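Given below, in the form of structure tokens, are the structures.
First chain A sits with chain B, and in the next complex the same chain sits with chain C.
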Partner chain A sequence: MSELDRETRDALAELLLAMADDEFVLGFWDSEWTGIAPILEEDVAMSSVSQDEIGHAKALYELLAELTGEDPDQIAFGRPADAYRHAALMNHARTDWAFSIARRFLYENADAVRLESLDGSSHQPLAGLAAKMRREETYHLLHFDLWLRRLAEGGSDSRGRLAEALEMLWPDAQAVFAPLAGEARLLAARILPDSLETLRARWLDRVVPRLEQLGLPVPSPTQRAAAPPSEARTRRTPDFEWLHGEFTMVARSDAGATW
Partner chain B sequence: MGSKDRVWEVFSQEAEGDPMVHGGSVRAPDEELATHYAREFYGRRQESERLWIVPRDAITELDDPDLLKPPFDRSFKRPGGFLIKHKLEAARERAGSPQVDEEGE
Partner chain C sequence: MVTVAASRDAAVWAALAEIPDPEIPTISLVDLGVIRGFAFEHSAAGERLTVELLPTFVGCPAIEVMREQIGERLGARGLADEVVVDLSFAEPWTSDRITPAGREALRASGFAPPPAVGSSFSGELLAVLPIATCPYCGSRNTTLENPFGPTLCRSIYHCADCPQPFEAFKPV
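Moving on, here comes the complex of A and B:
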């Protein structure tokens, strides 16, 4: 990694942190379904998918730690709430099943687009990790598309809740592709093969037709045209502050302990 | 979900060529979700090469003891009831084939 100059390294660190925090925070939100999902089998499925995301976050934090010489656990659990860099999509509480499914559908597709691009990254450790993650995400995509369809076709109550959640989450879902300070540097080094705006367009090309097919609300042309603001990865909410308190509780109880 | 759920029996194969072994069952309203859940319960730890997911009501069960465990001694129907080792040796000699140290029963 020493061949990267300082600015490129910082830019890569910013990208890795954003991706890791997306996976980490979403993994924690949806792990809250353990014990209360619609049926026992789904309980296990949702818990396991959430565990996958935390596993991906772990791999990304480790890659980041190698780059910066920090401790991966410290990055994951040792930061104050306002130092997390997940997209605003992950700022919201779990809410109801339709809300969680709407968020997963939007995120899994965004993540798929991002990983497909990074599969061709010039930074080998990241390209390798993206390829591995993509294989596991295949099932996530299938599973949440299945649930999206079921809720869309499941009657007025589930459909209404799903539609409401999608409309509410649109602007924050775009935040997965919010510009990064070091993006130009990442593009020049081909660490990031496509710009975030290109990726956002690809994501829209996938989710919009699918939602239209199911008769669900889609973002207006104005909403689609507006690139997400850079603060979409820094804005934090009371919901997230609460979750942060939960997931750092054990680590804080005896900081620096060896487990 | 709930009342429309069916039970699906899941069979798994640990390695290519192994027999399909019954692993257990999952409850799901249709084949699609049954497949997802079978994967979660019997395949997510890379322990399976292949899964078969079968609706329980598609299985024809035979458990009649009169048919399966008849009361009379049937040991003569088992191949183990016959000792063929010597017959096999004699047959090999007749055929002039080399002796192999493979044991016939």
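Moving on, here comes the complex of A and C:
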């Protein structure tokens, strides 16, 4: 691994933590569908997708741990709720199926845009992991695009719930591309080949036409023009605090236990 | 010297080829294509053998089992004083890495082997995913029931001719 100066290393750590927390928290929210999804096949699918996300988070926490000398489990489970850096999109409880599908559609496309860029990262360990994750995420993209269409065309109830969730989630979905303190460093070192604003524009170019095609609500030009605030990755909610209590419960009950 | 090194390498490959995949034991780690390579080097402990392991799926829970089994098997053969297994994403593991023998082993144990996907893998998935060849009767008259299955690497299909469900190794 090439030697990074301290500021570049801190910037990379910030990026890895944001990505890992996105995958980790969403993986936990959607794992709640195991056993209660609308159909049996979807129980299997959502469980598998969630397992993928937790796996991606694990690999990202491990990259981060190599950089900082911390323990990956400690990063994953040992932080207080306000130290997590996932996008505000992941602050919301699972809610109903339409809500979960709306969130997944917005997130999977954002994640795809981010991974495509990082596939060309100058930081080889991250580029290699992004290339691998992209192949797995292709399945997620297809799956949730299918569900988006199914709910959009399914009747007034499913369509109405989906539209309401999309409108509600829109500002928080943009938070996936909220500015990072060390972004200029990452761009200069080509660790992040494209700026987060460039990536946000690419994401809009994908999700907006698809939503229009299905007659679903899209953000207004004013909403699209507004870059997300940096606090969109630090703001936490009671929903997330509850989830944090759940997913840290085992680690807290017997700190340092192995099995 | 070349001959000694070559026979030692062959012994490592042979030992690795005896290790079954923890989830689908009819296929070996070598035929699964998860061994990218290995290298010997001198260390404080003597001769160190480092094996590079490519995970099939990033979140695959069998990775740790594979890791332990590689360490145990190579250690037991006395091929090095120390065995290290490194997880690697230097190149993505793809289902195209499964060998012809591995594909046959999958089919024989009831898993449809994955179709070729090529290196870029984006739009190709929609073209190759909908149909698989039934591992029991060879029919192509099959339907995709679920692109996701009981493990991260499997999809679920149904054969209209048998007629029964079967699993396929995901193209990735």
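Here, the second predicted complex is superposed on the first by the 257 of 259 C-alpha atoms of A that agree within 3 Å, B and C clash if a C-alpha of one lies under 4 Å from a C-alpha of the other, contacts with A are read in each partner's own complex, and residues count from 1 in each chain.
Methods note: a residue touches a chain if its C-beta (ideal position, glycine included) is under 8 Å from a C-beta of that chain, and two chains touch if they have at least 3 such contacts.
Owing to the predicted nature of the structure, the values given are computational and were not obtained by experimental measurement.
Visitor: Once both complexes are superposed via chain A, do chain B and chain C end up clashing or fitting?
Guide: Aligned through their shared chain, the two binders clash on chain A.
Visitor: Once chain A of both complexes is superposed, is A:45 in touch with chain B (first), chain C (second), both, or neither?
Guide: both
Visitor: Can A:257 be said to touch chain B (first), chain C (second), both, or neither?
Guide: Neither: A:257 stays clear of chain B and chain C.
Visitor: Taking the superposition on A as described, I'd like to know which of chain B and chain C A:143 touches: first, second, both or neither.
Guide: Both partners, chain B and chain C.
Visitor: Touch check for A:59: first (chain B), second (chain C), both, or neither?
Guide: Second partner only, chain C.
Visitor: Tell me which of chain B and chain C touches more residues of chain A.
Guide: Of chain B and chain C, the partner in contact with more residues of chain A is C.
Visitor: Quick check for you: in the superposed arrangement, does A:133 touch first (chain B), second (chain C), both or neither?
Guide: After superposing on A, A:133 lies in contact with chain C but is clear of chain B.
Visitor: Identify the residues of chain A that lie in both the chain B contact region and the chain C contact region.
Guide: Residues 41, 44-45, 48, 139, 142-143, which sit in both footprints.
Visitor: Where on chain C does chain A make contact in their complex?
Guide: By the definition above, chain C touches chain A via 55, 57-60, 88-94, 121-122, 125-126, 145-150, 152, 156, 170, 172.
Visitor: Where on chain A does chain B make contact in their complex?
Guide: 38-42, 44-45, 48, 139, 142-143, 146
Visitor: Which of the residues in chain B end up touching chain A in this complex?
Guide: Counting only chain B, the residues touching chain A are 1-2, 5, 26-28, 32-33, 36-37, 39-41, 44.
Visitor: Quick one: which bits of chain A touch chain C in the complex? Just the residue numbers, please.
Guide: Touch list, chain A to chain C: 41, 44-45, 47-49, 51-56, 58-59, 124-125, 128-129, 131-136, 138-139, 142-143.
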